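What follows is a pair of complexes built around chain A, which joins chain B in one and chain C in the other.
Coming up: the complex of A and B.
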């Protein structure tokens, strides 16, 4: 097909507003008579609430409302999967940051002062901070039901037989840190009551329609009376998937009848909201001398913190990918998601998979080295292909371009020229250099048994242009641009005259969450289907206007014409006038159900997925053996992308994912000790700056047409950071002969490992 | 708290304001002047999202108290492209140097300042010049390309 917009060099449709500072994020909105909200949070990680006295706060001049659990009209609980997190705590707090009360006042300062006047009497309880210890029956309980949120066990083959067949067994324990999203825009927004009594909540998130549903439960209000606007978002990465401040702002707006604004200060945001699950991963992997994997025994403990949110599904997605994209006949996977008082863990780009990929791809590197095999050759020998049985026991029935990704990794400049990036630096002999790689895969979409669909609506404008409505959100990934490109291509219509409306429950239909690498894929496909219907309608009008049958009409570039007589044509402006005279402008709808597996994995809700993305990465690092500090100097990202809709967008996701992944590998560690966050700002929680980025990151897409996606595209949003950490730590081994079992590989940790190695060599 | 009078010039326009002395320049710009292009992200000088140019130098406007800005001349993101887009803005669009866009105004201001002081920066000088501006989306690669492009466009 001759494409005009898909795959072309199209600038971001939201770039002009963003670069001029005219984009209105939720934090930029203000309304007349607006109040400021402030949350009082628990300073104790685990305590009973004996009493809450709000009288002094209420008496402070300028305070318009103080709310506690008593003011929650509906269910005092939220959570995407399990609603066990109180909007405002009643009798117990479970992490330092748990919301206890909130204030609305005429200024930020008065709201802050009033929050401090609320008197809460606590009875402090022992802190549960070790997920393995928390499972023991005598551990203090975070929830009455016990500390195990989810236990999933998957067996395939006969694990003992597998280890009997193995010539080499490698056993290691890996630790992955708690990662902070560090989106530049913190949780913020405004809630207000419209004249017709509707509650409008402006707050950035991944899924306005689910926020609406959750708010409806908490507020005991019908969904029709709640409007949620949640786009554009100043970064999210999974951290705004669950509710954050929305229900508290809504309570204050309902109580005062006035607009209430809240902007989380950075420290409060870091202390109070979602993080990537820290995981402890015990791996035992068996392999034959010739490099055939035969057994993998995996045990995972995920620290889900105080509340459920998506802790269960995150564990299961991690387990699905825990053995890598490899053919392993005998598998035992045993995973626990455990409640603790360590903040709250939830969705974060990669959804559990970066952790297990760090462990599995480290195992792969260790085995390849022990057997003297080339790391790509070793992976190729075991790589899972379409039609084969995955480690959790289902058949892979869709294209996952595993071999093509390995081929492209092998052919990449960085791998071919790797010798240039290895060895001791001649001018600085204390600098050791090395190259490492890792491969990953991840399911796309929400998984089996969950509704996973997208709706889109296309309307013709009175001037013959189009409005495209789809409920996903713009979190920076470029969804709006992809939607405009897909619509322009499918409608065969100039992109400048297409307006995309997203992220608003009133003005855009439900297209599911902007998560799981599904927004471009599902939203794009729904738009494609709506466009097909719109094209049929346009042909119908044109056939009436030109007095020929609809089959004889062709459309292109904003006009419809007779195939055999191209000068017989009508413009879309004329069609719109014609349609208005005949009852109204055309509207078309598209509905797409994401294909899911036909058979579920027993005892593992949501598994398996049906469509997978695959990504391989190569990293070159330098290790300073005097300081222990490692830095990534070069990177290559190979990603199974299907058709590339926009190269700029693909590279942006890939480069951004790679650099976020290097932060995860080297510096990012949200430390919680005895339930208290020790790194609540960017001076103590270190994310990469421009000086930390590699001098080059090459993006190499594998572009096999994905038959179910819009114009053959596949989602790539998450996987770009999944294999980075093990690629970096494998490179550290190549450079300095030290194995990293705990990320981040900070200067201190590497220094200690170097010291240990020196001791061993003496 | 007793308010004090300050006067400052923002994007060429004179403002005489009565403000609380503990107000930051960022709050003056966003809440009083309603110029919301300048963003707050960390509120403590760690991220650069609130970067503006004050008396010819970039500052984190969250770290400047309003009284310190008395008599100052300030340029915000709204003030750099009055005759159409500034070359730096154009280069950011062309190079896809934007994702969520929340760091973009601060990043653009730091770039404008950098190229003003050093019209032909090396790659290392660009990285140094932008090291006070955090971006979590792009991985910086495209931002650096945009700065290089802007540098060429401005010569």
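Coming up: the complex of A and C.
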């Protein structure tokens, strides 16, 4: 097929507004008579609430409402998977940052002052802060049900036999830190009551329809009476998947009848909301002398913090990818997601997979070196292909371009020329350089057993253009542009005359969450299907207007014509007038069910996935052995993308992912001690700046047509950051001969490792 | 953020009077890059803010005799771009490494000095250049060596009606070389884990060091001069890497840093030595 829009260099449809600052994010909105909301949060990581006295706050002039748990009309609990997080705590707080009460006042300052006037009496409880200790039966309990949110055990083959067959067994423990999403826009928005008594909530999030459902439960209000607008989002990376400020703003709006706005200050955002799960990962991997993997025993402890949210599914996705994309006959995987008082962990780009990939891909490099094998050869020898059995026991039935990705890595400039990047700096011999790589895979979509679908609607407008409606959100990734491209291609219609409406429960149908790398894939596919229906309708009208049968009609570039007589044609403007006369403009719907696996893995909810993406990365690193600091100087990202719909968008995701992964590898660490956040701002929580960027990041797509996706596309939103950390730490090993088991590999940590090694060599 | 009264005097005299009237109850505002962060966190005791931004006499660089005079409102970027400041190269290097372009455009050298952060990047540089600061009040003015200004982290010897009006930096002598190095957690927008400034007068051919100045920041409550190390180097030649290490170790022993989320005390101490070692090798002292 000749493509006009898909795969073409189409500028972002929202670029002009964004670079000129005219885009209105939810935090930019304001309404007449608007109040400001402020949350009173617990300063204790773990405590019983003995009493809450709001009288002084209520008496402060300018205060219009103070709410506590008593004001929650419905279920005082939310959570995507398990609703165990109170909107406002009643008798117990479980992390420092837990919401206890909230105020609406005529100014931000008064709201802040009032919040401080709320008197809460606490009885402090012991802090549960070590996930391994927390699962012991005598540990203090975060929830009455116990501290284990989820325990998943998966066995394949006979692990003991596997280790018996192994010539080499490598055992190590890895630690991955707690990562902050660091989106530009914090959790901000407005809730208001419309004239007809319905509630509208404007707040950036991944999934307006689920926010609507959760709000309906908490507020005891029918979903039809709640409208959620959650797009455009000023960045989220998973951090706005779960509810944040929405239910509290809604309570305040309901109570006052006025619009209530909240904007989280950065520190409150960092302290109070979601983070990537820190994980402790104990790996024991057995291999034969010839490099055949035979056994992998994996134990994972994920610190999910105070509430469930997506802690369970994140653990399971991590476990699915925990053995890498390799053929391993004997596997034992044992994972725990554990409640603690360490803030709250939730969804974050990669959804548990970056952590286990760090562990597994470090194991792979350690083994390759011990056996004297080239790291790519060793991976190739064990790589899983379509039709084979994955480590958790299911067959891979779709294309995962594992071999093509390895080939592209091997052929990349950075790998071919790696000798140029390696070795000791001549003039500054304390600078050591090295190159490392890592491979990753990740399931796309929500997994087996979960409703996973997308709806889209296409309407012709009176001028003969189109409105495309789909519920996913523009989160900065470029979804609107991809949707416009897919619609233009499928409708064979000029892209400038297509308007995309997304992220609004009233104006766009439910297309599922903008997560799990699924928005372009599912939303795009639903649009494609709607477009096919629309094309049929157009052909129907044209056939009536031109008095030929519909099969004789062809459409292109905004007009419909008779195949055999091209000058017999009608424009879409004419079709729209014709349709209006006959009862209304055409509307078409597309519904797409994401294909899922036909057999579930026992005891591992959501597993397996059906479609996988695969990504390999290479990093060139220099280590200053005098300071321990490592710097990533170059990178290459090979990604199994299916058809590339928008090259700029792909590069944005892969470069952004690589840089985010670099921060994860080297500096980012949300430190919590005794339940208290020690790095609550960007002066102490260190994300990379433009001066920390590598000098180049090459994006190399592997473009095998994914038959289920729109025009053959696959999701790539998360995988770009998944293998970065091990690529970087493997490069550090190559450079300086030290093995990093704990990320981030800060200057001080690397320096300590260098010292240890020096000591050993003496 | 608390409420405060805001004053913007239009002359230095007016400013001095204001400060005298409000002894101890006023805080000076220059670029605000430190002060505003503190105000936001309610860390400022004073109820009055005196914005000196309009006092042109406190702005700019000029050379007088053998000294470069840098008025306190001069921003880091202005110093980086000033040809006159080529005569104070180690300071220039320090200013170039402060924060980010935005911070360097807004933040002033006076603010950096009076803020008296142990990690302030210009401070070790000013120290090795032998800088003095001129303080003025309604009662008169006095000039003191920069090191004497600092009495502790965030604390200075300034009286409660004084303002910093000039920073006097002797121009670097012919043949003097030096460096400024900072170790941060990243390459921009980084508070120094440690920083170090060194000036040497070294004979190019014999490599004999005649005189040395070494100052370390972020490794003690205030900037420290490493006099013992300076004396050790004076009149001698560092003929081997081993010898350089020995000297560097004396710096490590001299500092008394703290541990915080950025780094442990031990790492800071070792880095004070290692940055020195790295900088000296890069200077080509051996």
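Keep in mind that, in the parts below, the second predicted complex is superposed on the first by the 762 of 762 C-alpha atoms of A that agree within 3 Å, B and C clash if a C-alpha of one lies under 4 Å from a C-alpha of the other, contacts with A are read in each partner's own complex, and residues count from 1 in each chain.
Following the convention adopted for this analysis, contacts are C-beta pairs under 8 Å (C-beta built on N, C-alpha and C of every residue); 3 or more make two chains touch, one makes a residue touch a chain.
The model shown is predicted, which means the values in this text are computed figures rather than measured ones.
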item	value
First, second, both or neither for A:430, with chain B first and chain C second	second
Which superposed partner A:590 touches (first chain B, second chain C, both, neither)	neither
Partner chain(s) touched by A:690 [first = chain B, second = chain C, both, neither]	both
First, second, both or neither for A:717, with chain B first and chain C second	neither
Which of chain B and chain C A:471 touches, first, second, both or neither	neither
Contacts of A:642 with chain B and chain C, given as first, second, both or neither	neither
Chain B versus chain C as contact partner of A:678, first or second or both or neither	second
Which of chain B and chain C A:324 touches, first, second, both or neither	neither
Overlapping contact positions on chain A, where the chain C interface meets the chain B interface	682-683, 688-691
Of chain A, residues touching chain B in the complex	11-12, 14-25, 27-28, 30, 181-186, 232-237, 263, 265-266, 475-478, 648-649, 651-652, 655-660, 681-683, 687-691, 693, 695-697
For the chain C and chain A complex, residues of the former touching the latter	1, 100, 183, 185-191, 193, 261-264, 267, 270-271, 274-275, 277-278, 281-282
Complex interface listing, chain A residues touching chain C	109, 428, 430, 624, 626-627, 629, 631, 667, 671, 678-679, 682-684, 686, 688-692, 746-748, 751
Residue numbers on chain B that touch chain A, as the complex places them	34-44, 46-47, 49, 76-78, 81, 85, 89, 92-96, 98-105, 108, 123, 126-128, 130-144
